[in-house]
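Here the chain labels run A, B and C in written order, and each chain numbers its own residues starting at 1.
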Amino acid sequence: MVLGGLVASAIGIVLGLAIDWFPTITSAQADQVETLYDVLVIASVPIFVLVMTVVISAVIRFRMRPGQENEDGPPIHGNTTLEVIWTVLPALLILGLCAYSYVVLQDVEDVSASEAAKELNIGVTGQQFAWTFTYPQEVSGGDKPLSTTELVLPIDRSVKFDIQSKDVIHDFWVPDFSMKIDAVPGITTHYRVTPERLGTYPIVCAELCGLGHSVMRNRVRVVSEQDFQAWLQEQSKPAAPENASPAQLAAAGKQIFTGTAGCGGCHTLADAGTTGQIGPDLDQVLKGASEEEIRTDIVDPNQTIAKGYGPDVMPGNFEQTLSPSELDALVAYLEEAAAR
Amino acid sequence: MSLRAPGLPRAGLGVALGIGLAYALVGGIRAAYGWDPVIDGDAVLQVALIAAGLGFLIGLGAFDYWFRWAIGAPTVPEDHSGHGAHSWKDYFRVNTDHKVIGVQYVVHSFVFLLIGGMFAMLVRAELAQPGMQFVNPNAYNGLFSVHASILIFLFIIPVFAGLANYVLPLMIGAPDMAFPRLNALSFWMLPVAGIMFLLSFLAPGGSFSTGWTAYAPLSTDAPIGQVFFTIGVQFAGASSIATALNFLVTIITMRAPGMSFFRMPLLVWANFSTSLLVVIATPFIAASQFFVLLDRALGFNFFDVTRGGDVLMYQHVFWFYSHPAVYIMMLPGFGIVSEILAVKARKPIFGYRMMAFSLLAIVVLGFTVWAHHMFVSGMQEWIRVPMMITTAVIAVPTGIKIFSWLATLWRGVLHLDTPMLFALGFLTMFTLGGISGVMLAMIPFDIHVSDTYFIVAHIHYVLFGGSLFTIFAGVYYWFPKMTGRMYDERLGKWHFWTTFIAFNCTFAPMHLIGIEGMPRRVADYADQFAGWNLFISIASFVVGLSTLIFVYNIVISWRAGVRAPANPWRALTLEWQVSSPPPIFNFDTVPTVVGGPYEYGVPGAVHGVFKGAEVKTTAAPSGAAPAGD
Amino acid sequence: MEAGALTLHDHHGPPPANRSSRVDPQTLGMLLFIISEVMVFGAFFTAYFFIRVVAGDQWPAEGTELPKLIAGVNTAILLSSSLTMHWTVMAAKAGNRFGMKAGILATTLLGATFLFVQINEYVHIGFAPSDTAQGSIFYGLTGLHGAHVFIGLMLLTFVTIRVFRGHFSPEHHHGIEIPGIYWHFVDIMWVIVYSTVYLL
């Protein structure tokens, strides 16, 4: 039995650790958390296996055999030493785990002085049902703080998010970073991450916030420092050059539709190759829509609610998050895309 | 069927009057203030829900006695005609017999298990594939919100109250509960709550869809369906407070002579601790819903940050109830399992006193951990670490119980019939759920998995693998006592094994997809989780069907099972010393308790004896003098 | 005991339950009920704590003030009703019917006066619950208490009716004693509400 138990727990632990359940490690924090998780697995699997083994072997060894119908077990009422042991040992184990988690907590939340110096500070605003990100002026280099619906982070640089909410409680979570915190109306919450891996990762709203909760998604792009700077340049200059040709304008608009503004997340539009299901299929509804209609549809979605859809699903803040030129480009693009 | 005699017809009338009253009140007041529209749908609905609920109870006759008492009219002396149920009709009227009420509770709760389970099936059907198939996101949110609310407030909590209602007075040698009429009232408040939850689907804007946690400010500006939850919970809460109060008084003042506290069966101890939790904690959820109601109906600003409100306050108040609530949903199960393991292993409970004390320890600790639901809520950071420690420490008293049960099994003579199987299933599955709970207590890990399917997995391992398994065990164990018939052992075993396997296939993978990053409460999810979700959905349908085996078994056995002897399990506790089902008044004479409840294996040991009539006068209750007033 | 003996001869009722505790069931029930009532107030005080202490908003909200004095007088009224209640119970125990009648009437009237003054205060206080969170919790706490006074008054009315119908005797006066306990609780609660909401 003891042997069986040992083998079983060995297998259990190996399974727990070998199969890599975690998302790929992409931040210093995630690294810490996964180690903690491994420790927790090593600590808890044996406990579960212990209980399992005792139950199973009890069933095997002390199962009522024919003829024992009226027999009773020995009247054992207790055993102090045993009871002390199984009170003290778990207590110690628990305290050990707590102490370790406390250390990890410090590590994932604080930042070394050297890091702090070049730390990036990004504002995150949750709103039914979309995220908006604000890069401070000194970072964006533009004439005003840069606010966009696209999150781009430089690699290996500690980022501090200041998270707020415009309406109800949301939760800003990047699973691959292993960090999350609620966006609470009325207060600003924070957390830090240090991205350590290039790539594009999902952003998820993890707190029930209404009918659009499941679609309150976005993407974070982790890029090299210079790509980051380049992107900032890109953002701060107007979407399309002054007096751009309709073609250029449309091209810019298309890029905004699929990228910056994330319209494609909710809307199907053949020309842009997006297949979102939350909002109406723009190929259908925009047929013959005038530029004005389209513009109001975007800046004030609740003015006309498309048939079969609820109000307050489509974010009402695009006028803020998109620069006028971007908006023009977007509208121009939608108009001609619809025309096709 | 006259409309003046208490009963369902008059209850219908009461509902009608209640709704009428609501219109009159709202219309009157609004007209007086000259507001328009004079008839404001939402306002009327909110008043109507309360008025109709009370109207139903009054009509049913739950208050008749007190009304006469209030005006000092000669109250009808209890002629005990209400005792016992002679036809199924007797289960549909206000009945003060704790055995009838117990059955009403249990059956009613199981009906709601099926309903709540059906919602779960719909949830799983929607989640079987990514994208939206059957319901729109709003309907989906409604489904899991009602699923959870029904299973918590109308299944787990009441079904435990029901089982205890039936066996607890018998176990302590009392002829009935301390306040039989209050007992009846607490039962009849449940259908009111249940029907409200279900009716919410008819509300404009759909049923309440903010989860069973109904966080503000989402709940304060949700569609009107939310009010059905807000007010329904008031009735459910009032019901459990009343029952808890009843249990406490019964246990303290009505124990049989010789039944000192340390001779009480552990089920009694469990319900004693649970009732303490209920009396102290439940008022908080009532208040939290009052706040929401006031914000919605009268424009209060508890949660309006622009006017100085504080949204985190809701979570603190809510969890100060709802964490203890999770132990309200587990401790009675601990009691049931202690009974069954001792009897089926034919051994005394190992470490009886520690078992009792650990219950009390859990009660005390349970009030010190609520913020472990708020690690990522943005609350003051310093609260987290103390709460992490207290939370994890609860593993110690719980561990004491688990290990003592294991020791009880050891060297016993295990009768592996259905109740025992479910008890053992509980032992293992609850341990797993509890351990995942301890992992959740570790803040950095919780930060990663909070609000993911890892939580959903934890919930179901403790609530389904924990609470529900003990409930199945208890129902099978006391079925002969309650119905006077034996259940079908073969079907019972089938039920256990299908449930046990399908349950694990359903909920174990949820740990995995949770850690991988699938959030909870989402109608749609990333394609990477598609495979597992399909698997889970299929498994969950098997869980559903396995539940049908149970339903079938109970129905046929109740109607045509073999007659049960008084004490089929050779148990020592008092409820088994009387006929099955017990006589209308439980005992001809109150028994005298002469030993512990679990003296199995001790030659010739007895727990209680029924001496003749003279018992009452001779045997002086140990440590308690007859009260005088 | 006699009751016991009785039912032993004719088995038409349940056997008399054994009394395993000195405390009387009804009283115990009322005490437990009061515990849960205290918790309801506890929850409202939590809200008060968050709005006034955690959020640190000024109290009362600027531009508003609380009529400490009137409320103080009102407090005195309510407290005196506790005394008359106590007197009523004494009278009941002594079997003094006049004392019972006078006492219970006085108590009921004093309670009603309190409620009246309270409502009057609402009318003239000059801010609504919908103005600020402070306003909300002010009305929340005092309103919750007012509701309890109302419940208490109903109980007292019942008692009054029964007193005048000649119920109760030195042996049987639960019907007075237990509503009495509740009434004292309502008064004590008010002292706490008054000192936290008005004075502090």
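Please note the rule applied: a contact is a pair of C-beta atoms (placed from the backbone, for glycine too) under 8 Å apart; a residue touches a chain by one contact, two chains touch by 3 or more.
This is a predicted model, so every value here is computed, not measured.
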| item | value |
| --- | --- |
| Most centrally placed chain, judged by C-alpha centres | B |
| Leader among chain pairs (count of C-beta contacts) | A-B |
| Separation of chain B from chain C, taking each centre as the mean of its C-alpha atoms, in whole Å | 30 |
| Between chain C and chain A, distance of the C-alpha-averaged centres to the nearest whole Å | 51 |
| Separation of chain A from chain B, taking each centre as the mean of its C-alpha atoms, in whole Å | 35 |
| Residue list for chain B, restricted to those that touch at least two other chains | 309-310, 312 |
| Of chain C, residues touching chain B in the complex | 1, 4, 8, 11-25, 28-29, 32-33, 35-37, 39-40, 42-44, 46-47, 50-51, 54-55, 57, 61, 129-137, 139-140, 158, 161-162, 165, 167, 174 |
| Parts of chain A lying in touch with chain B, wherever the complex brings them together | 21-23, 30, 32-33, 36-37, 40, 44, 47-48, 51-52, 54-55, 58-59, 62-64, 68, 70-79, 82-83, 86-87, 90-91, 94-95, 97-98, 101-102, 104-105, 108, 163, 167-169, 171, 173, 175-176, 178-187, 189, 202, 204-215, 277, 310 |
| Partner chain A, residues of chain B touching it in the complex | 131-132, 136-138, 140-141, 209-211, 215, 217-218, 221-222, 305, 309-312, 345-348, 350-354, 376-378, 384-385, 388-389, 392-393, 395-396, 399-400, 402-404, 406-407, 409-416, 424, 427-428, 431-432, 435, 438-439, 442-445, 447-448, 450-452, 511-512, 515-517, 519, 521-526, 570, 599-602, 605 |
| Of chain B, residues touching chain C in the complex | 69-72, 78, 80, 83, 173-176, 178-179, 241, 245-246, 248-249, 252-257, 259, 279-284, 286-288, 291, 294-295, 298-302, 304, 307-310, 312-313, 316-317, 320, 585-590, 613, 616-617, 621, 624-627, 629 |
